[in-house]
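The following blocks contain the structures, represented as structure tokens.
In what comes next, subunit A is part of two complexes: it sits with subunit B in the first one and with subunit C in the second one.
Let's turn to the complex of A and B:
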């Protein structure tokens, strides 16, 4: 499957990946929170397609099950009860999962080359073979999405079903959604749909309805339609203005080049020391061997049992 | 031009190469990063259309099984998703339908008729013929014993009130019509189906 998609960004790598196939539309998943009934079909379809099964959890007195994302639950419904100023109760249900940011904090923070890649269609994907399990992606993520598996110490999250999308299909959660709450298409088309829906919601009296496509991370390829876009925090802590943590900027911006320089200088000093002082000499011991142990010279090409003398 | 490299020098060169490639591991130089897209798992799977068993909505499903049906192959269902061509569900499935795969492979799934005799705590397997005969026998005995032909007012009725019937939910109009005719003809009054979720 190599080069099946243009890779536009790759963690901890400075060389340019092959990018000639540029005629790729950006895709997006649109989650209309105002249509969600919290049935969790998306959670089930996600697990089924991705061959995951999470542990049977415990009831915590809410509908949240599981209560948080895990390495096996790449999407979860988050239920929050909000009391309005008029004293009405709003039951806000948000499908949580990777937002597939245009400027992914996980990818910026990741120190393992190629463990996180971003395709030209906007999908941010984890390449688990290269993951070293450091957890920097969790620190880097403004939405706190990736989770490290206790089984293999590797990080996992929603792939936006990159395998399905690559085969021309929609993500599993999108297909199964019975209420048409999750939609999929090009980012352009999804924005158009979202705008239409926002107009409908405003006509219904939701004056603050709007699209959640935060500019702080360059926009996302998973967008929400919110009835209260002025206060995303109401939806189980969706950040109002998500940004990549300044710690990640410091690590990638200043610390890493300085530390790289120090390592380089140390290596260079070692070379200079070797050139001026020469290698450390150890008295070589002459091992003794019986003639029986020596294999015939023609079978091995060289005598592996003899000490490696300077004169060879 | 020839370079005379002694054996020891050759190993030193190799060591230097190893050290620089260790630096590469720490992110100083790129290693070939492969695309991480998982191989599409439905390629060449056998696709079978069917109807979800759960409720009376009767959503269309696509069942994907391994093997192309050759005589040496045992088919195995490994994925189920919605049928986009089905007029009712148009590809969507509720959480129960989306999880049908584990329903198919459930250890607790009933695959054949079983009977637990009165006073016994064990279920024993019986054949379909045996099961149908037993059910018919029980129905006949119960109807003969409790059938109401006349009410207290002397009206002629067809009432069998001691047995009820629970019909399937995922039946077509035709199957539902026939079920209704059979059940009502027998005089059964308690009659329901799982037409709700």
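Let's turn to the complex of A and C:
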């Protein structure tokens, strides 16, 4: 990998990863849902650039094709037909895929050192060579994005074309988008552009237009402009306030050092107990051998066989 | 085989074979499980042939443990219910730890500490099974909703923690009480050992032997 010296977070790693080359701007992909025409060119570009070919699926009566993200389909257009209170139909199309969270749940949950990394530019990448196929990333992700391949049992998702971005190019989906619905640049620039676009939408009458850059996961490096930012759920279940589940937080947070320490302390307590109190020695067979009722030396609490006065 | 007169049989060959199979399986499970639990333990995944093999084998070994454990546990339930003098013995836990055994009341085949180990494992291994199946990829996890998998993952870690601490205590007790390791490797204890540590059980065994010897 080229990006081996700009890693700001690394899965299952308790020391600082190599990040000397971290003087870079954070990047972001901005998806303006209001400009999407649902052509799926982004899906095709993603397949082409990343050399992915999914199985031919079946039609489920919607435009969603494939119907869900898979290990071979890292981005999918999700179509939802929403009826407004005034009785109008809104056809809401959202390009789904990894959000590249600033606080990634997948990376938090991953037990394999280095299988998931976060670069200084904000991209969260799977280093599949180190993936062990446990699926903890799926458990940790608040957006239900990673998918495990049935072929190799490794987890896959959008890389934000980290290879292209590293070489100064924009992601493949951005390059191909015919309506400029998908844009790419520094996070700062994308936020500014999104604000302008939100202003335009508000002027057009979309009072609830807004930017989707959820703070619960520290912000994301894939952002949406939504005409109904007050109700992201309308866009095929985009979560309103995504965050790493408290269950995952407990599982991968405080319990790890506390429980590890208690296991160690228990074993250590055993050592100390043995050294201070000693074992319960095998009882003498008094009845059988008719010995005198002299207590064995160890039960006296000191070494009775040693002459007195030699203690110090 | 005839036992010498001063010995009592404590564990049958089947019990012993089962125990040591479980012991090996448990150690492998604990090491590979800890590897996924904390990065500090990740190197332990090599005990099962590397992290990917550890991920593959851990759940199957878990099933083996469950089968062996409950086959054994089912046969020993009665001996692990609260018995005569157990409460008094537990109250005198200070005397137990200080090795003042002469002050302790006579108890049955298992003392309250051993019964606690038994029930702790009965519960934690059951929880490990249920949570483990829910987390098990690629076979079962896909059938469960992600929030449930999250809960199962936390439960699995906590139950494993309870089981591991219990086993640490169990192993230490075996080292502490001389004669007990031999009872699990060779199957017998001396009469003196039985009278000293499990007075009620010794009396019961000796009476049974006497009845057998009478025509």
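We take it that the second predicted complex is superposed on the first by the 250 of 312 C-alpha atoms of A that agree within 3 Å, B and C clash if a C-alpha of one lies under 4 Å from a C-alpha of the other, contacts with A are read in each partner's own complex, and residues count from 1 in each chain.
In this section, a residue touches a chain if its C-beta (ideal position, glycine included) is under 8 Å from a C-beta of that chain, and two chains touch if they have at least 3 such contacts.
Note that the structure is a prediction, hence the values are computed from the model and not measured.
Asker: Could you look at A:185 and tell me whether it touches subunit B, subunit C, both or neither (first, second, both, neither)?
Answerer: A:185 contacts neither subunit B nor subunit C.
Asker: Once the structures are superposed on A, label A:14 by its partner contacts, choosing first (subunit B), second (subunit C), both or neither.
Answerer: Touch partners of A:14: subunit B and subunit C.
Asker: Examine A:66 and indicate which partner it touches, taking first as subunit B and second as subunit C; both and neither are also allowed.
Answerer: In the superposition, A:66 contacts neither subunit B nor subunit C.
Asker: Looking at A:172 after the superposition, I want to know if it touches subunit B, subunit C, both of them or none. Which is it: first, second, both, neither?
Answerer: After superposition on chain A, A:172 lies in contact with subunit B alone.
Asker: Quick one: is A:250 in contact with subunit B, with subunit C, with both, or with neither? Answer first, second, both or neither.
Answerer: second
Asker: Could you say whether A:113 touches subunit B, subunit C, both of them, or neither, answering first, second, both or neither?
Answerer: Once the two structures are laid over each other on A, A:113 reaches both partners.
Asker: Looking at the overlay, does A:153 come into contact with subunit B only (first), subunit C only (second), both, or neither?
Answerer: The second partner, subunit C, only.
Asker: Based on the superposed arrangement, let me know which partner A:260 touches: subunit B (first), subunit C (second), both, or neither?
Answerer: After superposition on chain A, A:260 lies in contact with both partners, subunit B and subunit C.
Asker: Thinking of the overlay built on chain A, is A:125 touched by subunit B (first), by subunit C (second), by both, or by neither?
Answerer: After superposing on A, A:125 lies in contact with subunit B but is clear of subunit C.
Asker: Indicate the residue numbers of subunit A shared between its subunit B interface and its subunit C interface, in ascending order.
Answerer: Comparing the two interfaces on subunit A, one with subunit B and one with subunit C, the shared residues are 12-14, 111-113, 256, 260, 263, 267.
Asker: Which of the residues in subunit A come into contact with subunit B in the complex?
Answerer: Residue list for subunit A touching subunit B: 1-5, 7, 10, 12-15, 17, 39-41, 43-45, 47-49, 111-114, 117, 119, 125-130, 159, 162-164, 166-167, 172, 175-178, 180, 256, 260, 263, 267, 308, 310, 312.
Asker: Could you please specify the touching residues of subunit C with respect to subunit A in the complex?
Answerer: Spelled out, the residues of subunit C in touch with subunit A are 6, 34-42, 51-52, 54-56, 97-99, 101, 135, 137-138, 141, 146-147, 149-151, 153-154, 157-158, 161, 164-165, 168-169, 171-172, 175-179, 190-193, 195-197.
Asker: Note which residues of subunit B are touching subunit A in the complex, please.
Answerer: 6-8, 19, 23, 26-28, 30-43, 79-82, 84, 89, 91-95, 97-99, 101-102
Asker: In the complex, go through subunit A and note every residue touching subunit C.
Answerer: So the residues of subunit A in touch with subunit C come to 12-14, 109, 111-113, 132-136, 138-139, 144, 148, 150, 153, 245, 247-248, 250-251, 255-257, 259-260, 262-263, 266-267, 270, 273-274, 277-288, 299.
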